[in-house]
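Chain lettering (A, B, C and D) follows the sequence in which the chains are written, and residue indices restart at 1 in each chain.
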């Protein structure tokens, strides 16, 4: 299991840190992200388990991460990189890992991160006529949205008009 | 004399309906008991039908949508008159077995047209499957009918029934044709292994997908008549009818319970496998029966 | 039909509707798992004549089992309008009552009663089959006494319901 | 006087055709009125001859054999079909072919085809029969190729197969002329009675081949689906309803006019219930019933579906005629009349749909019941009649054919016939479901009902279908007289059906239909006392909660019987067309090889002659010395 980490370390621009016996983190800069993914696939990490983003509001950045899994070595690798928060853009990993296609569409809708080159980037994904800010961003206040769009049931005592029993 | 005619004209369909509906009641009770459940109270199908007829907000998709169940029920009532009841010849004089085969088809054709008008793909797929299945089970059915006609040298249903009244049932004389006949009655009733046409989980109850309220009530009455027709035809062809109504009911009940047992246990055929099944085993059985009669 | 037979006709039809309620097999949320035990041998709701049917045209009861988000609400309203008239709605669990655990979620509606008339709520974060059976018995009493008139309320103040629906569905 | 007007009867369509052509030059409406006038005139003239036994008229002499026209009940029946359907076709094509170019020529051809078919039916001797047979072939060929490039190919295939059939028929004529020196039917019959079995079989096969091509029996059927579906919509009913009946008429004349059941019987003594030659024709018909039905189930194009259905229905007619028993023959003739009625009705209905929507591909149509109710009722009556459902006419004739087969104990033929008729339900439901029921596509929103003139044929044929269905006695009167004329003991019948003795069982259609009508009234009353129902738009259907919008094509009509296809497709791997194409390719290869021998320039021919002469001279010299 050791030499797989050595091999990953040798890939240029990757700072590898071992979290657990079968989980390593690979931090990489923004522009080498796609090439890093390609190298990881060559190393045998041929499954993309999940791909999403973390909204680092405090240092005004998004953190994109891809969780990969290597069947032979039975080891997970998380490739992470930071991108700026305003009009964030990443290239699609569709060609390397086909499942990334759906994850990227969800990324666009939920975080507002534009993905260049995704075959269906423009199409609506889950939300139906959603006018507000992308909901997964931390600066989206869901309680305010809920109060403005839905009415809560008044507790029995405050109930005035008898329509809803 | 005329009074007796009117009495028969009203009484026979009601009798047929009550036999059909009682068999449906037994069916739900026995099915529940097979599944180790308590099952609904006895007259549940009757309550269902009256509840449907009493529904206030009915819908319609056009003329043919309304006419479908109406003609289907009318056709089923007509067929009842051409199947001899115990002790009564009814109108078997004016239409023999071959004509009966064609009269029995009016009902399914009318339902199919009604389902077509309801502009729902589920109902169209259901109808396509029902007609394919009909083509499937018609081959052995025809061979069985021919065997019986050749055996008794007449196509008059009443004469065939009379010929077997003594106890020499066609079931014992032509066992292979009888087995094929049961399997065909199975398919004609649309029971479980062959109910791809009305499969709830595949095509949302097939032709009845868009039917509700009073239309569905009429269709359930039609289904009760249909059960009576199929079983009465089988009993008349193979078990020599009956002298009084109770023997007649007992024979039909035995056959129906046999069908229910298979119905609750077997999984559902895919529609083209059902046709292949029908064109393989029941057809071979029926052909052997036919050759036996031809040779004798 | 003078007053007497009008009354008798309504009483008989209510009794008929009570004895044969047909349930629409259209389960929206996480409550659908509670229905198979109620249908099968241990609790057997068919004793009361309640049978699962597939299309809204054939069904009387619409079960809203569990949380209702805006996308499902659009389908539930369509299905409700496709059902034939004496129809009843049962809300399963706490989510249709006040949003339950999803009270602060942006996509879950908080009160089902605002959008379609609900005749009966069953509390509990997914009520067990016993609770469902008692709910069905309670609904049967309501139907028998003619008090389960959700469909009439929907027809009378249709614009009130439509306004709420448009507010959420957009 | 009676004989002379027979000539007038035959001449009216031809005169009408020429006048319509000339009238067309003057003004459009003159052509239409003349065409309709003359076709109606021939139809009315026919009623002078109702019930007359054989009125003969010799109108010429050729190679020493008299040319005779005669009419008896059989030819009256087929003349009724010819003139009736042609009249309706002319009426239908007034509106339908408006924007078609070359209309004068079209109407002339239409009336010429009618005249030719009338000539076949009235022919009293084989030469007139053959002459009008050829005229029918090429006039209908011209009618088939009216519709542009695709129909040229279909017409080409049609005319080739008709010519091959005609040559076979001509050869048989030559054979018989050599022996009988006069081709009038009676002389030919006597000559055949005396001649040797081999001669009779030779005549039977050659003459029969020509007839079977036109009657589109299975191995020789490949022209029919292309010709009927590519022909313009008013011509298809003429082709399907009438033209293939001429083949059936010819077969009847061949079996019972020229030869007779006894002659055929002791020709090749076999234990079969039916003479061997007839038995073979029966099996060909039975196979064509079943295979054509399975093919019709798989079709996507409405007119091809109806064309294949014509092949299977004409199979019933030929099956009936070839049974040899009086009930079967009556059934066959009655089914010919019925098929002419309901098949033309269906082709008129689809013609009306094409006139309004412009397409006949079933997966694009749908929901036309809302816009074209009258065409829908016509199509509904057509499919119910064709399926053989009791109150309508298809049922009685099929019932008679089944009873005849049962009497003759020809059990496997009966099984084939039954499977064919149940299969008919499938493709007929497919036809009316894909075209009239289901969702109306947006582009046919403003479709209107067809103009009144095109509705007349649909009305008339629907009424006829119901009339002959409930009272089979009316046509049976003519049919039984026709059978008596040809020496077949007619079947016992009454106005409402068949009493006890006539067949294995009895049939009273009036009882079935009266019980059905009363039950219908009772159920209608019950239905309308219940609470009223609300009309819904076609987009308000169950789609598991999804909202159906006009853009989504929410209709199941393409590949309707795909699942049944999986069962039947292995049967269709090899088809008659493939065999014919294989022959054609083999012929072409042989032709190329011959081209190397006949190079076409004179020197090679010269060298061939020189070489040949030397061989001949050499043989004579050597031969002379050897003997």
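One rule holds for everything that comes next: a residue touches a chain if its C-beta (ideal position, glycine included) is under 8 Å from a C-beta of that chain, and two chains touch if they have at least 3 such contacts.
All of these numbers come straight from a predicted model, not from anything done at the bench.
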Item checked: Any chain in contact with chain C as well as chain D -> B
Checklist line | Steps needed, at minimum, to go from chain A to chain D via contacts | finding: 2
Next item on the list: Identify the chain pair with more contacting C-beta pairs: B-D or B-C.
Entry: B-D
Item checked: Closest chain to global C-alpha mean, per-chain Cα centroids -> B
Check: Which chain maximises the distance between its CA centroid and that of chain D?
Finding: A
Next item on the list: Report the inter-chain centroid distance for chain B and chain C in whole angstrom, where each centroid is the mean of the CA atoms.
Entry: 36
Next item on the list: State, to the nearest whole Å, the distance from the C-alpha centre of chain A to the C-alpha centre of chain C.
Entry: 39
Next item on the list: Compute the distance, rounded to whole Å, between the mean C-alpha positions of chain A and chain B.
Entry: 60
Item checked: Of all residues in chain C, the ones touching two or more other chains -> 55-57, 74
Next item on the list: Going through chain D residue by residue, note those that touch at least 2 other chains and give them in order.
Entry: 542, 544
Check: Do you know which chain B residues sit against two or more other chains?
Finding: 55-59, 122, 204, 209-210, 213
Notebook entry, point to check: Linking chains that touch, what shape results: line, ring, star, complete or other?
Noted result: other
Checklist line | Chains that touch, pairwise | finding: A-C, B-C, B-D, C-D
Notebook entry, point to check: Where on chain C does chain B make contact in their complex?
Noted result: 13, 16-17, 19-20, 22, 25, 40-41, 44, 46-49, 51, 53-58, 84-86, 151
Checklist line | List of chain D residues in touch with chain C within their complex | finding: 540, 542, 544-547
Next item on the list: Would you pull the chain C residues touching chain A in the complex into a rising list?
Entry: 70-71, 74, 97-99, 103-107, 109-111, 113-114, 157, 160, 167-170
Next item on the list: Name, in rising order, each residue of chain B that touches chain D in their complex.
Entry: 9, 13, 53, 55-64, 66, 69-71, 73-75, 77-78, 81-82, 91, 93-99, 102-103, 105-106, 109, 112-113, 116-122, 124-125, 127-129, 131-132, 134-135, 138-139, 142-143, 146, 149-150, 153-156, 204, 209-210, 213-215, 217-218, 270-272, 275-276, 279, 290, 294
Notebook entry, point to check: Given the complex with chain C, which residues does chain A contribute to the contact?
Noted result: 126-129, 131-132, 135, 140, 142-143, 145-146, 149-153, 163-164
